[in-house]
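Below are two complexes that have chain A in common, paired first with chain B and then with chain C.
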Partner chain A sequence: MNLQQHNISDNNFEQCIKCTVCTVYCPVAAVNPDFPGPKQAGPDGERLRLKRPDFYDEALKYCINCKRCEVACPSNVRIGDIIQSARIRYAKKKPKVRDILLANTDFVGTLSTPFAPVVNVALGLKPVKAAMDAVLKIDHRRMFPKYAFGTFEGWYKKQASRQAAFSKQVAYFHGCYVNYNNPQLGKDLVKVMNAAGYGVQLLEKEQCCGVALISNGLINQAKKQAQTNMASIRQAVLERKMPVIATSSTCTFTIRDEYPHLLQLENGDVREQVELATRFLYRLLAENKTKLRFRTDKKLKVAYHTPCHMEKLGWSYYTIELLKMIPGVEVQVLDSQCCGIAGTYGFKKENYEVSQQIGSRLFRQIEASGVDFVVSDCETCKWQIEMSTSKKCEHPISVLARMLED
Partner chain B sequence: MGQNEVNKDFDVIIIGGGATGAGTARDCAKRGLRVLLLERFDIATGATGRNHGLLHSGARYAVTDGESAEECIKENMILRRIASHCVEETDGLFLTLPEDDIQYQGKFVEACQRAGIRAEVIDPKEALRMEPSANPALIGAVRVPDGAVDPFRLTASNIMDAKSHGAEVLTYHEVVEVLRSGSQVTGVKVFDHKTKATKSYYADVVVNAGGIWGHRLAEMAGVRVNMLPSKGALLIFGHRVNRMVLNRCRKPADADILVPGDTICLIGTTSSKVPFEEVDDMLVTSKEVDLLLREGEKLAPSLAQTRILRAYAGVRPLVASDDDPSGRSVSRGIVVLDHAVRDGLEGFVTITGGKLMTYRLMAEWTTDLVCKKLGVNATCTTAIEPLPGSRENAEEVNKKIISLPLPQRQSSIARHGDLAERLSHNTPVENSLVCECEEVSVGEVKYALNELDVNNLVDLRRRTRVGMGTCQGELCACRAAGVMSREGKYCTRRAKEDLASFLNERWKGMRPIAWGDTLRESEYMSWVYESVCGLNMSQKQSE
Partner chain C sequence: MKFDTIIIGGGLSGLVCGIRLVKAGRRCVIVSAGQSALHFSSGSFDLLNALPDGSPVECPLEALGQLALQAPEHPYVKLGVERMKALLAEVPAFFAGAGVAVEGQGVRNHYRMTPLGAWHPTWLTLKDFFCCGSPEGKLPWRKAAIFNIAGFLDFYAEFIAGDLKKRGVECSVHLFNMDALEHLRKNPSEMRSANIARVFEKQENLERLGEILRDEAGDAEVVLLPAVFGLERADALACLRRVANRKVMLLPTLPPSVPGIRTQLQLKKYFQDCGGVYMLGDTVMKAEVEDGHVVRVYSYNHGNIPFVADDVVLATGSFFSQGLIAEPGRVYEPVFGLDVKYPEEREQWFDLNFFNRQAYQSFGVETDGGFRGMRGGKVLDNLYVAGAVLGGFNAVKEGCGGGVSILTALAVAQQIMDKRKIG
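Up next is the complex of A and B:
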C-alpha cells in the first residue's frame, strides 16, 4: 500500500496549518474581543465540537459571514462555511421575533409596498424608531431602506411583451431589494440589457435567496425557498436556455455557493450559468459580442467599494473594468474592506457599535476621496455607506444606464 | 558534582513515576507510611503514557484470560468513581466483520458474563446508528462498558494525593545504585538530573515499579526478573472519528482497537519483541504505520481519509513466569515479587506485569506487602476515596469559573476536574490562550508550573495538552516557553534549548507519518521557528 497516496484527509478543516492569516483578515476579530476569530471558531472549534457538541460557543453568532477569512486562507479551508454550518447544527438560541422580521425580506416587503408612503414615513418617525429600538432591539440610529410604491415585478408585467421581442434573452434574478425597495435598479438593468441586444425575462417563480434567513438561523425556510429558486433557475437555464443574471452580489453568491455548502442543495448543473450582470456584460463587451454607446457630455468621478461577497466571488474586477469602459467616468478603487453592515447584522442593537467600528476606515477613505458618489454591487453596503458617510451609493448598472446614449 | 548523604529516612522508597508507582505512593502515604517516590524523568513517561488510554471493560481478555477480565471490570467501575475526571464513559462495541467468525460472538458474550462484564448483543443497524463511524459491513456487534482514561491526568492526580498525605516526590532523579547491607536493601543512590548531584536515600523497603526498566533495577539489587520488552505502536488521528471504543470481536490481534481520547482518536497496537538496548528510543516503522492503517480502516473506514497527527510506541513490561526458565511463557497478569521469599533479599519488592487499568489493584497488593513487612496494620482506602479532581460535580465547578470563555472552561474542567477552579483566571492576560488547538490558557499553564511539578515543555504537555493538538507546538511552544521564563522557571538560553528539544520531540512523532497536511504544517512550523525566529534546532544554544 502506498501510504502517502492512500491516506489523504477528506476533512476540509484538517487542511488548516494554523497560519492564522484568516484571523488577521477578519473584520470582526479586529474590533470585537468577544469573537474568537475565524481560526478558533472554524477549524479549531470544529475539532472540539467533534469531541463533544457542548463545546459549541454562542460567540460564533458574531461572525458576519463575510468570507474574507476564506479569501485569505492559503490552504483552501472553507472557514466561513465551517462556522455557519456549526451555527446551523449546534446553536441552541432560537431566532427572536425581530430576527424573523428582519430575515423575511420577502414577506415584509409584500406587506409594505402597497402602503409604502405610510410605511416609509412611519419608519422614519422618532417615536416609531424608539419603539423599535426598545421592543425589537433594532438600533434607533438605523434608517430602513424606503419601500417603493409598487413592486418591480408589477412594473415588469407591462414590459413583458416588449422584452419577448428580443432574439437573445436572459433571465433576471432581481432579489427583494429591487422588487420592494429599488425597482429603478431593475428598470436600469432592463434598459442596459436592451441596449446590449438582450431581452429580460423573469424567473418562473422567484423567492428571496434566503441569505438573511440563513444568518438568522431560519434554515428550513431558507431551504424551501432555495428549492423553489433552484427549480426556476433550472427551468430557465436547462429548458429555456437562458443564463440567469442578477444585480445583487450577495444573492448571486448565496445561490452559487451557500446553497451547496450550507443548505446541501447541489447546483453544479447550472451554477456557471448564474452570474452578475456586470460580469455578463463585461464579457460580452470584452469579446466584442456587443457594443454599448455612452454619452460623452457628462463627467463622473466615482469610487468603487468591493463588497465582501464580491471579494469572495473574485468578481470586483469585472465591475471595475466595466465602469472604466465608460468614457466619462473616472473610477477610484477603495481598499477592499468590510463596511460592517453584513445584511441584517448591523441593524441589531447589540451589533451597532461593532458594525460602525468595522466600517470606520472605509468611511474615512470615502470622505477623503472627493468623488461624486460611491459605486457598489451590494445593496446592504449601499445602505451602510449612505447611513455612515455624506456620499450616496449607486449600483454600477445604474451608472451604466445613466451614461448610456439616449 | 559532589555527593550528598541525605539522612532523611523513609519507610518506603518507590522507584518509578508511572501509574503503578504513583498509585503505590498514594496508597502507602494514605496508610500512614513515610514515602519517597523517585522518577528518573517525568511522571508517566514510560508505558503509562504510551498506550491507548483505554478504560478496559475486560471484555478483550474475557475469552483468553478470565482472571484479568474480572480484575479489569472491577477496576473499571472503581475508576469511574474515584477518577471521574480522568475517565470518559463512552462504552465500546465489539464488531464482527464479514471476515470474522460470527460463532466467536456467542463464546465472547458468555465469557464476558462469566467475568461479570455487561455484554449486550446489538443489531448491526442499531450499532451503526449508535456509532456511525463503524464499518457498515459489520455483521455483529456487542456493547460493553469500555471507555477512555487519560493516563497523564490519572498519574498526576495520584501523585497529588500522595503528596497531600505527606509523600515526597522527586522527578528527574535516576536511581544509579541499590544500596544493600548484606541481604538487606537499605536504600538507593540517585543522580539528580537537574542539579547533577548524587544523593542517597534510605528506607526499610524499596519498591521497584520501574516498568520495563525494572529489569535493570532488579539487576542493581542483585536479583533477576525475566522481562520481555514488547513494543506496541499506535497512530493518533487529528480529531475524533468515533464516539465509542471500537474493538474486533475475535481473538485479540494487532491494530484492532480504536479509542476516542480527548480531542483525538487512536488506533493500536502492534506487538513485537524488541531488545533491551532499544527500549529508551522507540521509533515507529513504516511497516507498522501500514499495518495500523490497514487494520484501522476495517473498524472505521473513514480513518483512511482522516489526517494522522503522529505515531508513537511504548514498551510493555511483560514478565516471564518464574516457573518457566525458557522465558517463553508470559504472564499478562499482575506480578508482585517479594524478593525476600523469592531470592532471600530483604526489603525489596518488585511490582510489574498488569496494565494501566489495574494500576490501583497493583498498588494495593504492593502496599499490602510493604505494610506486612513493616508490621503496619492499615486498610486500603484507594478504591473508595476519590482522587483530587474527582471530588466535586463538574456542574458545580462550571459555575465557579463561569467567567471564562466556554471552550476554555469546558477544556480545563475536562483536564483538571474540580481543580479547574484553582486555575488563575482573573486577568485578560491569564485568560488568553497559550495553546489554541486544545484551549490551554496562560492561567492553566501557570497553575501547572506552580502546582504540578513541571520542569520543561514536555512535562507541561503531559499536564495540559499544550502542543498535543493539530499544530503540534507551532503556535503554543514559544508562548509556553515565554510564560515559563516569565515565571522564573528558566533563563533565555535554557528556554531556547527547551524549545528546540520540545519541537524535536514533536517531529519524532510526526516523522513516520509525515505526508500531506501534516508534512505541510511541520514545514511551516520549521519555517516559523528556524527561518523567522532564527532558532537553532540542535540542542546546544549560544548564550
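Up next is the complex of A and C:
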C-alpha cells in the first residue's frame, strides 16, 4: 500500500516546499502590505489554522482569488483554494449590505433591466455616486457597467424556433453579464455558432455561477445556485446530449473548478463538457469539422489581455489562434498580468486604490500599444480596462461575429 | 494543437532549447508546470567545479578525461570533448543575443561569492555581479562599502565583510532605510527580495538610494549591494552608479533570486518574441507512443485537445519540479515512464549525513548517446531529454547543474535541427 497517497489533504497544503515562488507573482502582495502574501496566507497559515482556528487572519479577505500563485507554484499546491477555503471556514466578519448587493448579480440585474435607461443615468450621476460611496462604501470613482433595456433571455425567446432548426446543438451558459448588461455578446455568440453550423439552446434553468457570492462569503446561497446550475448542465449534457459552452472565462472556471474545490460539489461526470465557446470553436476548426468565412475588406489591430482565470484555465491560446485566423486582424499579446478589478473587489471603497495600482502596468502597456481596441474573455476585465484606459475592450466572440462574411 | 517541437518544461533547459529552435524557424510550444529553479539562482551558472571523487576542478575542459573514468554516464561524457568545446564557445553570445549579459568562459572557472560570504567556483556570472579570478589573494580594491536594507534578513553583510577583510579589503557595513521601503516593514513575511525589487523599479527610489550610497560610502571605491534590483529594468545598476558616482556591484541573496527571476522572464520573453508559445501552469499528463515514436501529448489544461509535433523534448527538471518522482519503492519519470537508473535497495539512495554525497541526486532518465529517452531499453526516436531530469551527474557535489542544463539543451536542439535539415 502506498501510504503517501492516503496522506495528502484535500487542498494538498503539505506539498508546499516553502520555495517562495508564489510570493513573487502575487499581484496583491506587490502593492498591499496588509495582505500576508500567498505563502503565509495559504499553506503556512493552514498549518496554524488546523492547530487552532483562531490563528485565522481576517487579512485573507485581501486575496483576490486570481490563482496566479497556483499557476506559478512548481509543486502544484492549490494555494488560492487553500486561502478561499480558509475564508469560507473561519471568517467571522459577516457580509455587509453592500457585499450582498454586489454579489447578487441576478437579483439586482432583474430589478434594473426593465428600468435600464433610468438606472444607467442614475448610476452615472455624481450625487448618486457620492451617496453610494458614503452609505455603501462603493467607490465613487468606479464606473458601473450599463444595464441593457431587456435581457438576453428575453431576446432569445423570439429566436428559439429558428435555433431549434439546426441539426447540431449546443447549450449556452450566458452568465449574468450577457443577460443583464451585454445581450449583444449573446447575440454574437448565436451568430457565430449558427455560422459554424450549430443551433444554440439555453439551459433549462440558469442562475448566476456564484463567483461573487463565494468571494463575498455568501456560501449557502452560492451552493444553492451551483446545485441549480449543475442540475441544468447535467440535463443538457447527459439527457439532451449537448455540450455546454460559455463566453465568460470566470463563469466557466467557477463551474469547472470552484464548484468541486470550494463548494464541494462534484462535477466530474460533466466537467469536460463545460467549456468556453472559443475552445469549442478551435476544436471544430482544428479537426476540420467546420469552416468560418470572414470578410477581407477590414483591417484591425487588437491587443489580447489574458484574464487571471483564463491564465489558470490555460486557454488563452485558443482565443489568440482564433483571432489570428481572421484575415486582416493583427494580434498583439499583452503580458499576462492581473487588471486589478477581480470582480466585485475593485468596486469596494477600501480596495479601489489597490485595484488601480495592480492594473497600472497593464494600463500603461495598453496605452502604448497603439491598437484599435483590446480583446479579452472576461467582462470585469473589460470594465476595468475601459474605465482605466482610453481603449474599448471587446469579447473575442464579438470580434469573430463582426468579421464574419454576411 | 500542431507544432514542430513540444518542449515539456519551461526552466533554463527548456527555454535554451526552445530559443535555439524558434530562431532556426521551428514552431515551438513550451509547456511548464509552474515556475522554475531559476528563481533560486545564485546569479551564476556552474560548469564543473569538482570531480565525483571530490577533487577540485579549475579548468573544466581539461578534467573531462578524468570525469569519463569516474562517471562514465555523465551527460558531459555523452557530449564528448569536441562537442563540449563547440557548445561552450557558443554560449556567451547565445545569452547576450537573448538579452541576458554574462561574463566568463569554459576554459577556466572564476569565483563568485555566496550570500554567506564564501567563495565558490563558477562558469558564467550575470553582468553587474561581483566575481573574481581567484578565491585567494588581493582584490582590486582597498576599500569597499557593503549596504543592506534595514530588516532584510536574506543577506549577510557582516559575513561578507569578514571574508573581504581576510583578502585585505577594508570594509564598512551600512544599513539603510527609505520612506518608500517603509510599507514593506509592515509585514515581516513579505520583506523579500522580489518585493524590495519592486520598490526600486521606480526611478525616484533608485535615485534616492544612489544619493544615500554617495553620501555614506565615504572613500570606498566600490559599493556592494544585495541583488534586489532590475526585476524588469535593465538599467538599474547604471542609474545607481551614475548617482553614487562610483562602482556598484551586486551579491546574491537567499531566494527568491531577483536576477534569476529576471533571467527567467527575459528568456521567456525572447522566446515569445521569436514566435514561441509558452504555456505556464499546465502539466503534461500522458503521451501516446506508436512504434517507438511519440505521436500525441496530453496536458491537464487542454484535456482532450492533444499537442502534436515532429519532436518532443523532455526538460522537466529533477525532483524539485517533479520531473522525477520518488516513492518508497521506486523512482520514476511521470510523463513517459522512461527508464530511470537507481539501485533497488532503498538504503543505497541516501546517506544519513545530509552533507555527504547523496546518491539520489544522480538518479535520472537514461538516454542513448543522442540524448533520446528509452522505455524498456528501447529508444523513442523523437523524444529528446535535456537538463536536470537526466541521470549520471550530481549537480551539488560536482557543481555542474547549470552546465548540464544549458549544454544538453543546445545539443538536443542541434540534433533536432540536423535531423530536420535546418539551421
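Following the convention adopted for this analysis, the second predicted complex is superposed on the first by the 395 of 406 C-alpha atoms of A that agree within 3 Å, B and C clash if a C-alpha of one lies under 4 Å from a C-alpha of the other, contacts with A are read in each partner's own complex, and residues count from 1 in each chain.
Methods note: contacts are C-beta pairs under 8 Å (C-beta built on N, C-alpha and C of every residue); 3 or more make two chains touch, one makes a residue touch a chain.
As the structure is a prediction and not an experimental result, all values here were calculated from the model.
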Which of chain B and chain C A:Ala286 touches, first, second, both or neither: second
Partner chain in contact with A:Cys73 - chain B first, chain C second, else both or neither: second
Partner chain(s) touched by A:Met325 [first = chain B, second = chain C, both, neither]: neither
Contacts of A:Lys39 with chain B and chain C, given as first, second, both or neither: both
Contacts of A:Leu265 with chain B and chain C, given as first, second, both or neither: neither
Chain B versus chain C as contact partner of A:Ile100, first or second or both or neither: neither
Touching partner for A:Lys51 - first (chain B), second (chain C), both, neither: first
Partner chain in contact with A:Thr20 - chain B first, chain C second, else both or neither: both
Touching both chain C and chain B, counted on chain A across the two superposed complexes: 4, 17, 19-20, 36, 39-40, 44, 75
Touching residues (chain side chain A, partner chain B) in the complex: 1, 3-4, 6-11, 14-20, 36, 39-40, 43-48, 50-52, 54-55, 57-59, 75
Residue numbers on chain B that touch chain A, as the complex places them: 238-240, 260, 262-263, 286, 289-290, 293-294, 302, 304-308, 405-407, 410-411, 436-437, 439, 469-471, 474-475, 513, 515-517, 520-521, 524
Of chain C, residues touching chain A in the complex: 1-2, 33-37, 39-40, 183-184, 186-187, 189-190, 192, 194-195, 198, 255-256, 261, 272, 277, 279-283, 299-305, 320-322, 327-328
Residues of chain A defined as touching chain C within the complex: 2, 4, 17, 19-21, 23-25, 29-30, 33-37, 39-40, 44, 70-76, 272, 279, 282-283, 286, 311-315, 317, 333, 336
